[in-house]
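First chain A sits with chain B, and in the next complex the same chain sits with chain C.
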Partner chain A sequence: MAATELPITVLSWTVSSLPILALLLLLIWRRWSTSSAAPAALAIGAVSAIALFHTPLRTMAVAAGKGIWDAIFILYVIWPALILYNTVEKARAFIAIQQGIRKLLPDRLLVVLAFAWVLSSFIQGIAGFGTPIAITSPLLVGLGVKPVYAVVLPLIGAAWANMYGTLGAGWFATLAVVDIPNRELLFLYSGLLIWIPNLAGGLTIAWMYGRLWALKRGFPAIAVISLLHGGLQIILLPFITPLAVFFASAAALGATFLLGRWSFYRQHDEDEPDRVFTEESKRAAREEEERFHGGRKDDSAGEDKKETGLSLAAALAPYAFLAAISIIALMIPFIRDFLEQVRVGLPFPETTTEYGVYNEATDAYSSFTPLTHPGTLLLLSALAGYLLFRKKKAYPPEFTPGAIILSASQDALPATTAITALLLISKVMDHSGQIIILALGVAHVAPTMAYVGASNFIGLIGSLITSSNTASNVLFAPLQATAAQAEGIQVELALAGQFAGGATGNAISPGDALLGAAVTGISERLGVILARALPWSIMTACIISAATMLIYVLS
Partner chain B sequence: MKQKLYIYSSLLVIAGLALISSGLERSPLIWQAGLALVSIAMLLSFLTHWAPEKNADRKT
Partner chain C sequence: MKGLAISLILLLASLPIISWGFAWGRPLVWQAGLAIFAIGALIPPAARLFSKDEK
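Coming up: the complex of A and B.
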């Protein structure tokens, strides 16, 4: 995109920020559902695009087409994720998972850290597009975590892994739009800055779990996991960039189970303030504890199985199957190349506005590969789970697969229109030049030092608007590089700020948050989720700003 | 009622995309009709705020 004559004024910047402000106000303050709030914000964005930024109707039509196409891409994660969730839930497998995990990792804080931070990061290392949230949020609900926390915690926990995760998808997209003079230096700077949301994520999950008590109890685990996540990522980035997050989070996953065997995480504390669990699950945990201390440990295993009819291994089988086919389909090059021969994308003509905001024509816009898409892998896992659970007679005799689809559609339908509206806002703002005005406005008014600190906020705004770290980089990385050269700042430092801000902004991206809300059955509560994640994102971005400025001064 | 609005809105969005993508290289009337359908879909989605609730927040 080239933005040649866009008016960078206080008025144009204010008008450009109105759709996002309206969306956040309606969601957080007025507690509207996304399916109502997003169209209202879209109307504001569309009117200002046409009236103030002179965007022709044809350009608006192209933006709408691209937005809907992008929404289909995400909805093909949401619908299958809900089908998988209902396949597992209807078989009462989450009860077996809850009971089995309680024996494997008796410390409930460690369980929450393991799922919301470590497992979600591991999944992000392989598959993005909201897949970590789509998988870990229902699992957390199944483990007894309150639905809002089940979405907020993995959103925060997996944020750091967005930049170099998804087998380096965001990195490769960035390479396509910007020249990086010194990649090793960029890896070092971005690795250091991305370590901040990683550590802040672990600490915040513990804080939400039980304030100071959980910070003290969780500190050894958080220190070990963050060292493995952040440290290994920095070490591995220059050598195996697309796999750095995968290996770092795989090492942390192994370490978490080792930590679970440590006596420190096997001691019981009567005063444990587990704020994130439902009362029902706390009661179940207390009963389990009493049984354990009553010396009937062996009997309880039999009782659990009798109650659910499934062992932990059987209950987790669909997720193990998902992990296995994801690794096979995405990480074995010749299989991946073979499966990726099938590509689907829509052609769109070039567009322009009267201010010269130009978008090239494309033969296959945002083409995706259905055979390696997370949606297909989730559907296959749901099918495998259904066949297994049916064989084990986990469903009632009169149960049919139609009940799973019907139940999934109850949550997926509100998310369908809401995701579409969010992506339409993103594309209308993009094609009318409003996103560029927001970024250029920050760059224009900020003196050098302030720009260094603001670079990550530009990345954050990009992720907030587009619900994608990759899209944020594609939009803003060239701008950050140009602005850095003009201000006499190292391009690598400005890009590192962009990457870290983009990752941090993913925790408040309405798309991912809505996906999590949909798969946990609380689509109407997106505002509450964003209100919980917003302070974390802002505080983390401020720390990143301070760190970026420190690097600037030191270098 | 709310669920019906969501279904109609989703169907209109799909129809809108079909008209936009097929019309952009053919006739302005077709993509304009597509854009109109998408606008109506968004209006229906917006109106769900006032539609009677049946089973929202069932897991809260």
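Coming up: the complex of A and C.
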């Protein structure tokens, strides 16, 4: 995309930021629902695109079509994720999961870290489009975590894994748009900078769980897990870039279960806070502690099965099935290549604006491979789960699959319009050049050292607006490389800042946050979720800025 | 919910209309699609502004 005549002024920068500012203000301050706030912000973006950035109606129509197509991608994760959640929930399988997990990992802080940080990162290593949030948020709700925390914690926990996760999809997309002189240096710089949101993620999850108590209790586990995540990623990136996050996360997952067997994480503490749990789950935990300390032999498997009709293994079966078919479909090259032969993509013509913002014509925009899309894998897992639970008589006698679909629809509908509007904001801003102005504005006014520190904020803004780390890199990596060369900065350092900022920005991307809100039934509370995640993103981005400037000074 | 459902239907319907309009080279068709899209997108905030019940 070439943009040679865009006016980079205070006015154009301010106007370009209006859609996002309006969205955040309406969500956080005025507490509008997302389904109302997002279209309002879209209207502001559209009016400024036409009136101030001279975007023809033809370009607006193409942006609208592309935005809706992009939304369908994401909606095909949300609806199947909700169907899977309702399939499991209606069978009361979450009760079995809650009780079973409590025995494997008695320490509840470790359980929250395991799901919100370790498991979500593992899933991010394989699949994108918000799949980590779509799977772990409902599981956390099923474990008794309050819905807002069930969304915020994995948003923060999985953010670091965004850049090199999804089997390297973001990395390959970035390679297609920018030349990298020294890849090993980029891997080192980006590995170090991305380690910051990783460690900050683990520490923040513990902080939200129970402040200083949880930081002290969780520190050994957080240190081990972060060493595996960040250290293995740096070691593996030069050799197996697409699988570095997957293997690092898998190692951390194994370590987490081993940590659960350590006596340190099997001790009861009367002072343990329970900020993140619902009243119902706190009551259940107290009753279990009383049973344990009352000396009753806990016939765990028998009692649990009697209450829910399901063992832990059966309750987790749909997720195990999901993991298995994901690995088969996505990680075995000849199977993936075979399945990806089925592709669907719409043609769109080239577009331009009076300022020279140009987008090429395409025969198949953002082509969709239904057989490897996470939505299809989620639907198949829901079907497998339904058949298993029906065989085990986990559903009431009069129960029909229609009840699952109806329940899922009621949760999905408010989020559907909102997601569509959010992605349309991104496309309108992209096709009118407003995103370019936001990035170039920062680069133009900042002196060299300030630009070094600001490079990750450019990536963060891109992720925030597009709800995609990959899109942020595709948009801004070329700009960052060009600006770095002009400023005499190593391209690898500027790109590393872009990557780390893009990953951090994913924690506050309205699209992912809304996806999590939708699958936990709190679509109307997006503002609360963003308000909780925003301080983390800003604090982490500031630390990344400081680290980037330190690397610049030392290199 | 009814308003959201109508908004969603209009947004989704606008996609093929816009796409066909460009594919067939018919400006009136894609312009109609853009108009349908605009109406669909404005329903939720309009309902919010004129509703006294929504918090």
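We adopt the following convention: the second predicted complex is superposed on the first by the 551 of 555 C-alpha atoms of A that agree within 3 Å, B and C clash if a C-alpha of one lies under 4 Å from a C-alpha of the other, contacts with A are read in each partner's own complex, and residues count from 1 in each chain.
Here, contacts are C-beta pairs under 8 Å (C-beta built on N, C-alpha and C of every residue); 3 or more make two chains touch, one makes a residue touch a chain.
The shown structure was predicted, so the numbers you read here are calculated from the model rather than taken from an experiment.
Student: Overlaying the two complexes on chain A, which is it for chain B and chain C: clash or fit?
Tutor: They clash: once the shared chain is superposed, the two partners overlap in space.
Student: In the three-chain superposition, say which chain, chain B or chain C, touches more residues of chain A.
Tutor: B
Student: So in the superposed three-chain picture, is A:147 touching just chain B, just chain C, both, or none of them (first/second/both/neither)?
Tutor: In the superposition, A:147 touches chain B alone.
Student: In the overlay, answer first, second, both or neither for which of chain B and chain C A:416 touches.
Tutor: Touch partners of A:416: chain B and chain C.
Student: Once the structures are superposed on A, label A:520 by its partner contacts, choosing first (chain B), second (chain C), both or neither.
Tutor: So A:520 only meets chain B here.
Student: Taking the superposition on A as described, I'd like to know which of chain B and chain C A:98 touches: first, second, both or neither.
Tutor: Touch status of A:98: no partner.
Student: By the touch definition at the top of the document, which applies to A:35: first (chain B), second (chain C), both, or neither?
Tutor: Once the two structures are laid over each other on A, A:35 reaches both partners.
Student: With both complexes superposed on chain A, which partner does A:60 reach: first (chain B), second (chain C), both or neither?
Tutor: both
Student: Quick one: is A:424 in contact with chain B, with chain C, with both, or with neither? Answer first, second, both or neither.
Tutor: After superposition on chain A, A:424 lies in contact with both partners, chain B and chain C.
Student: Going by the contact rule set out at the top, does A:349 touch chain B (first), chain C (second), both, or neither?
Tutor: Both partners, chain B and chain C.
Student: Do chain B and chain C land on any of the same chain A residues, and which?
Tutor: Touching chain B and chain C on chain A: residues 32-33, 35-36, 39-40, 42-43, 57-58, 60-62, 64-65, 68-69, 72, 346-349, 413-414, 416-417, 420-421, 424.
Student: Quick check on the complex: what are the chain A residues that touch chain C?
Tutor: The touching residues are 31-33, 35-37, 39-40, 42-43, 57-58, 60-62, 64-65, 68-69, 72, 346-349, 413-414, 416-417, 420-421, 424.
Student: Quick one: which bits of chain B touch chain A in the complex? Just the residue numbers, please.
Tutor: 2-3, 6-7, 9-10, 13-14, 16-17, 20-21, 23-25, 28, 31-32, 34-35, 38, 41-49, 55-60
Student: Tell me, which parts of chain A touch chain B in their complex?
Tutor: 32-33, 35-36, 38-40, 42-43, 57-58, 60-62, 64-65, 68-69, 71-72, 141, 147-148, 346-349, 410, 413-414, 416-418, 420-421, 424, 520-525
Student: Which stretch or stretches of chain C touch chain A in the complex?
Tutor: Chain C reaches chain A through residues 1, 4-5, 7-8, 11-12, 14-15, 18-19, 21-23, 27, 30-31, 33-34, 37, 41-45, 47-48, 54-55.
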